[in-house]
Amino acid sequence: MATNTAAGGASNLLRFWPWVVIPLLALILPQIFDSRHGITLLSHMGIAIIFALSYNMLLGNTGLLSFGHAVYYGLGAYVAMHVLRMVNDAGGEGLPLELIPVVGAAAGLFFGVIFGSFSVRRAGVVFAMITLGLGALVHSSSLMFSDFFGGEAGLFGNRVAAPSLFGVDYGSNTNTYYLVVAWALIAAIFIYLLRKTPLGWMANAVRDNPERAQFVGYNPTIVRFIQFALAAMFAGLAGGLFVITDEIVNDESVGQIQSGIVLLGTYIGGIGYFIGPMVGAALVTVLESSLSSYTEAWVLYFGLLFISIVMFAPMGLVGIVHTQYLTWKAGGWKGNTGIRLYMLLAGLVGIFGAICVIELSYHYFRSWDPSAPFGLMGFTVNATTALPWLVSFGIAIIGFGLMLFHGKPMLARRISATSEGGNA
Amino acid sequence: MFETIAYSILNGVLYGTLLFMMSSGLTLIFGMMGVLNFAHASFYMLGAYFAYTLGLATGFWVALFLAPILVGAAGALVERYGLRRVHQYGHVPELLFTFGLAYVIEELVALFWGTVPVPYKAPASLDFTAFSLMGLDYSMFKVFILLVAIVMFVGLWLLLKKTRAGLVIQGALSRPDMVGALGHNVPMVFTFVFAFGCALAGLGGVVGGIQFVTDPGMAFMMGPIVFVVVVLGGLGSVPGALVASLIIGILQTFFLSINFSLAGAIGSLGIEDSGFFGVLWHMETTRIAAVLPYLLLVLTLIFRPRGLFGKREA
Amino acid sequence: MTKRNALELKAVKKNFGRAEIIRGVNLDVHEHERHVIIGPNGAGKSTLFNLISGRLKVSDGSIKLFDKNIHNMPAHKVNRMGLSRSFQVTNLFQNMTVMQNLRCSLLWSEGHKYAFWKSVMKQDRVTEHALALAEELNLSSQADTPASLLTYAEQRALEVGCTVASGAEVILLDEPTAGMSRTEANDAIQLIQRMTGKNTLVVVEHDLSVVFELADRISVLVYGEIIATGTPDEIRNNAAVQEAYLGTEVH
Amino acid sequence: MQLNKKAGLFTGTMIGLSMAVSTVTWADNHPIRISYIEPLSGPFANVGDAGLKHFRFAAEKLNNEGGILGRDVEIVAMDNKQSPSESVSLVQRSVDNGINFVTQGNGSNVAGAIVEAVDRNNRRNDDKVLYLNYAAVDPALTNERCSFYHFRFDANSAIKLEALSNFMTTRDDEIDKIFLINQDYSHGQFISKRMKALVDEKLDAEVVGDVLHPIAQVRDFSPYVSRIEQSGADTVVTGNWGNDLSLLVRAIDSAGLDVNTYTYYGGGLGTPAAVGPRGEDILFQVSEWHADVNVDEGLEEYEKWFVEFKERYPEIDWYYHRIYNQMHMLKNAIEEVGDADDVVAIAKAMEGMEFQSPTGTVTMRAKDHQILQPMYISVMDADAKYDADNSGVGFRTVANIPVEEATDTTSCDMRRP
């Protein structure tokens, strides 16, 4: 039997290959993207993955929607930073750098236990609201208690002025990256194994049916509490790693935006799958850092992507792939592979058209001189003339139209035809 | 001291009534559909922007009526083509949908109207000093806001208590599972309530946009506070929303208006202004005022999750 | 037959606002007995179950399970003291498979508590037990089917299985045959009898033929009060019952 | 802007990745590039965008005059979303792309992070980078946290207060009671603390109120205004910027309170438009320049510069005079060294450099890399020749503060390479 998730179901594909492919990818990627910025981005992806996995312990596994998970990430980071600074001040003597994240994890656990003790009594909206309030409270206090939080300027540390267990020089971004990978792997394994324990099972049980869980002897509050505390611990670990890669921590790491991003990434990836949050977190990290260089509209794209996922693919991107894979394996693609590809293509064309429309709008409404020519998909166009608008809208309408009103009914007809044929 | 109290109550009631305009719609929607609409404050923002743009063409008074209707229509579209689809997946996706929607609306507003505040001003007919109280002027527009809020509360009350539609909604507020049994078209009722709630928020925006600032950040600024009002008042309770709005409005204004800290009142007792308790000891009420709503939110949810007037827990 | 009481209700009352639903119920359930509670719709049978199982708090009175007070305890504590229940509406872990449902139901009674350092799948006793249960429930072939895809009767069977699996001595079943056809209901009754041989059983039931087949003793609940308790024959011949209940509502 | 690279979402991302990682080799006449790290999306995008236009304009002007060492200057826009940690990784991206100069100004917290990132990079790597700060005013950046690689072209907060209080001494007869209202973060906290000390030291007046309010969260300032009223203050001093400033001034005006308001950022982008004529004769600002300085002092060349900018971007005004100084001083330093890549030498050339700015001689103080320049106190005036941001109101100079009176002492103890 496979994972114990809601929709994950039993699938060997999703069970084993990630454990081989992802570490391999983690080792190969820095060879390809070998600039400092590229390596830092990869490190951030690693951290985001731990954070998202920890978040999914709440949302996916226990059904707890939190709007304040960054509190534990951020507080873990702050405590780790203080320890790093102590090590710095002691002239580089004390706790080895490799273990600084453990400090963050301990801090996350500590605050998770404290805040968790009163926030997990109820799930659902009450829990969501409490986490929202707590997140705002902690974020506001980060600007008030500047002794601990360093005000809005934050705190700085120096990872090089700290001893290393293995004599590694962490001046190099690449070495730091491998440290992140190591911790990410450890965290992922632990979080994965946690799902297999009685606690992990009962977390799912409590998510699906807290009442029933009570009648098999479990206190849902305690199940949620332990899950919450452990999730906070892993969030703190991610925070501790962030301190090492960026050597800075400030109020944004406990802020609502951080909480929002982890929710976004986890959900986009797919909360029902173990690798869902990983995929989502990595994607969001890359998009967030690079999309903004290319388009002003990146927040809008983010919002639209998120809404589309919520509306049309509640199991996330991994869910889409997995469903299609299962259909394919079950032979559901037979005789209609072409139609599926056609729908995909039409959809992509539609998206392309929609992007053109959005880019045109941004140019038209936002730039000082809308009539200035600008480059759109390789063409230089003038946004004050009708032509580019007509073409863009046309592409979008044709694309989505073909997908929804031509491809979709055709697929439905084909499928029903095959199943009838099968019966006959 | 008397001055302070008078100012606080006056300003607090004004702020409270604006909060009520937004929260009444939110609490109706939640009570009926179980959806905590994260994008509610976005509809408040849309109200302000619609009224601003319409006002340029038609003048303020027409916009005052048209803008909420437009916002309500936008709400109906969102419910019909967005929420209804997500509804089948459960409450968490619904919440997430509105969460994402809030971002999209903010971006679209910034796209069409820009990131800078728009010059949305009170109409000349209301832009004069109504009265002066102890050296401070109060503009007619502030009085007007109070009037709008009172009319709205009375109208809402009449609607809920005296009309058939109101009775259906009321029934649904206390027993959501019973609506279906009433034989009414439940999805229609949902769409109507959602649109109506959004229109109320839009009305709040029409006047709030003038009183405060009309910029794309106004939704995210107000959003959390509206939640606090709704939770404190009791989810689904309209009178609760009114009382909670006034409490929060007055309390927050009062905290801002007085100059108080434990250290100032009792003496510093040799406690330095550093360290966790030191900072708390020296913390002035003005600085606490900003986090006060969140504090109330968390405390309410811990100790009385049903709020002041709520009949059932969230 | 031992005369020890498994359950003892004394003057239990429950009101919602001004509406009094349970108006002073006294009830003794003997150990190892099959006790069926019948009564017309709205008599408060489900409310009574909810009070016993800790889902609702009593307004007044006391409930004892093997001489220990259990009223107003949270449901999981009541369960740990040896009482479990099924629900009128099927109430499984819908997204889990049959085996997963059974395993979850066994975890606490096998003493695994909130452990987060051992794998569920490696607990052989749990596995054996769950497999045996699946066998008994005739669900072996469906072991890996998600609960939501089972037929209604299978779901009810699994519900009974999970209730029994939690290791409780006293089992409350809320209308275990509701919505079933005649044959399905008969199978269900046999299953219940087979599965709960060693337990004390309290059942709420509508279907009178089922009641008389299953019950050692019957209590009749009308408008929040027990108007009679006795063997099936006694109940059949009780004038008050006939007047209040059987006379008006015979299936 | 690299608009042509807007080749779709997915391709864009892929290009982004490969762009970020590829090391590009450049021909000899490649442009001298400056990373402009500011918010270009989100709520502060308008501020970042306006600054970018200033830099692009100044660069174009330089290029028309032959550029630096015959090479063009290119401004590379990078969106930091107003986030310090994002800025840190953008510094890294700049270094990756072989850019030697970064510039930033909005947010002292971002500035602090960039100083730290630049220092760290220059300590660990050979590709060094210089940070030119055009607007972040936190005094710490040229005091306890000063860095060899950081140059500040704006007057820091201490200098602004110094200039302001020197001006206020000349108005002693009308200033008796001062109310301080500031944003609750280090910028505002510093003003509240420092101003109190200055009042004690120099002025025949008392501080009757000192309030910190949460930054960018207050929508209704009337409770604060009622406190100002009750305190009997005749003067308000605030370091507020953006909405926090315009809302404050509007609330003071609508309550009919008769106080003068001294600000840092009264002329900042969007503020004159939001305040409008209500600020006339009561809203003062301390700045290194404003549009009517050109008129008052007959700076025809610079006025042409101003007008040309206005023609190009009708919705905003040339506001950051420091960017003029900064670009020219950078040019002078690079040309003195003769090599745009020897960052350390350029930094050394910039130390102590004097520059003839239109407003007078400005000096880059060698000890802490803080620029010293004459300052102006001006008041909002509807009769000014040039409106700010088409608001109908501009500024009129009420006092010139000479360089000697616009200075501070520094505790900087710099580590030099």
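Order as written gives the chain letters A, B, C and D; numbering starts at 1 within each chain.
Methods note: a residue touches a chain if its C-beta (ideal position, glycine included) is under 8 Å from a C-beta of that chain, and two chains touch if they have at least 3 such contacts.
For reference, the UniProt names are A, B = Branched-chain amino acid ABC transporter permease; C = ABC transporter domain-containing protein; D = Branched-chain amino acid ABC transporter substrate-binding protein.
All of these numbers come straight from a predicted model, not from anything done at the bench.
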Centroid-based (C-alpha) most distant chain relative to chain D: C
Chain whose Cα centroid lies nearest the overall Cα centroid: A
Result of counting contacting C-beta pairs for A-D and B-D, higher pair: A-D
Whole-Å gap separating chain A and chain D, where each centre is the average of the chain's CA atoms: 36
Separation of chain A from chain B, taking each centre as the mean of its C-alpha atoms, in whole Å: 31
Between chain B and chain C, centroid-to-centroid distance (C-alpha), Å: 47
Junction residues of chain C, two or more chains touched: none
Multi-partner residues of chain A (each touching 2 or more other chains): 140, 144, 299
Numbers and ranges of chain D residues touching at least 2 other chains: 42, 45, 184, 214
Chain C residues touching chain A - in the complex, by the definition given at the top: 53-55, 74-77, 79-80, 84-85, 87, 91-97, 99-100, 103-109, 112-121, 144, 146, 162-163, 165-167
Touching residues (chain side chain D, partner chain A) in the complex: 2-9, 12-13, 15-17, 20-23, 40-42, 45, 53, 78-79, 81, 83-86, 88-89, 92-93, 95-96, 108-109, 112-113, 116-117, 120, 124-125, 138, 140, 184-186, 214-215, 313-315
Residue ranges of chain B in contact with chain A within the complex: 36, 82, 85-86, 89, 91-93, 95-97, 99-101, 103-104, 107-108, 111-112, 114, 224, 227-228, 231, 235, 274-276, 279, 283, 287, 290-291, 294-295, 297-298, 301-302, 305, 313-314
Contact set on chain D toward chain B in their complex: 42-46, 184, 209, 211-214, 216-220, 222-227, 229-230, 243, 246-247, 254-257, 270, 273-274
Contact set on chain B toward chain D in their complex: 3-4, 7-8, 11, 14-15, 110, 114-117, 119, 129, 132, 134-137, 139, 211-213, 215-218, 221-222, 253, 256-257, 259, 284, 286-287, 289-290
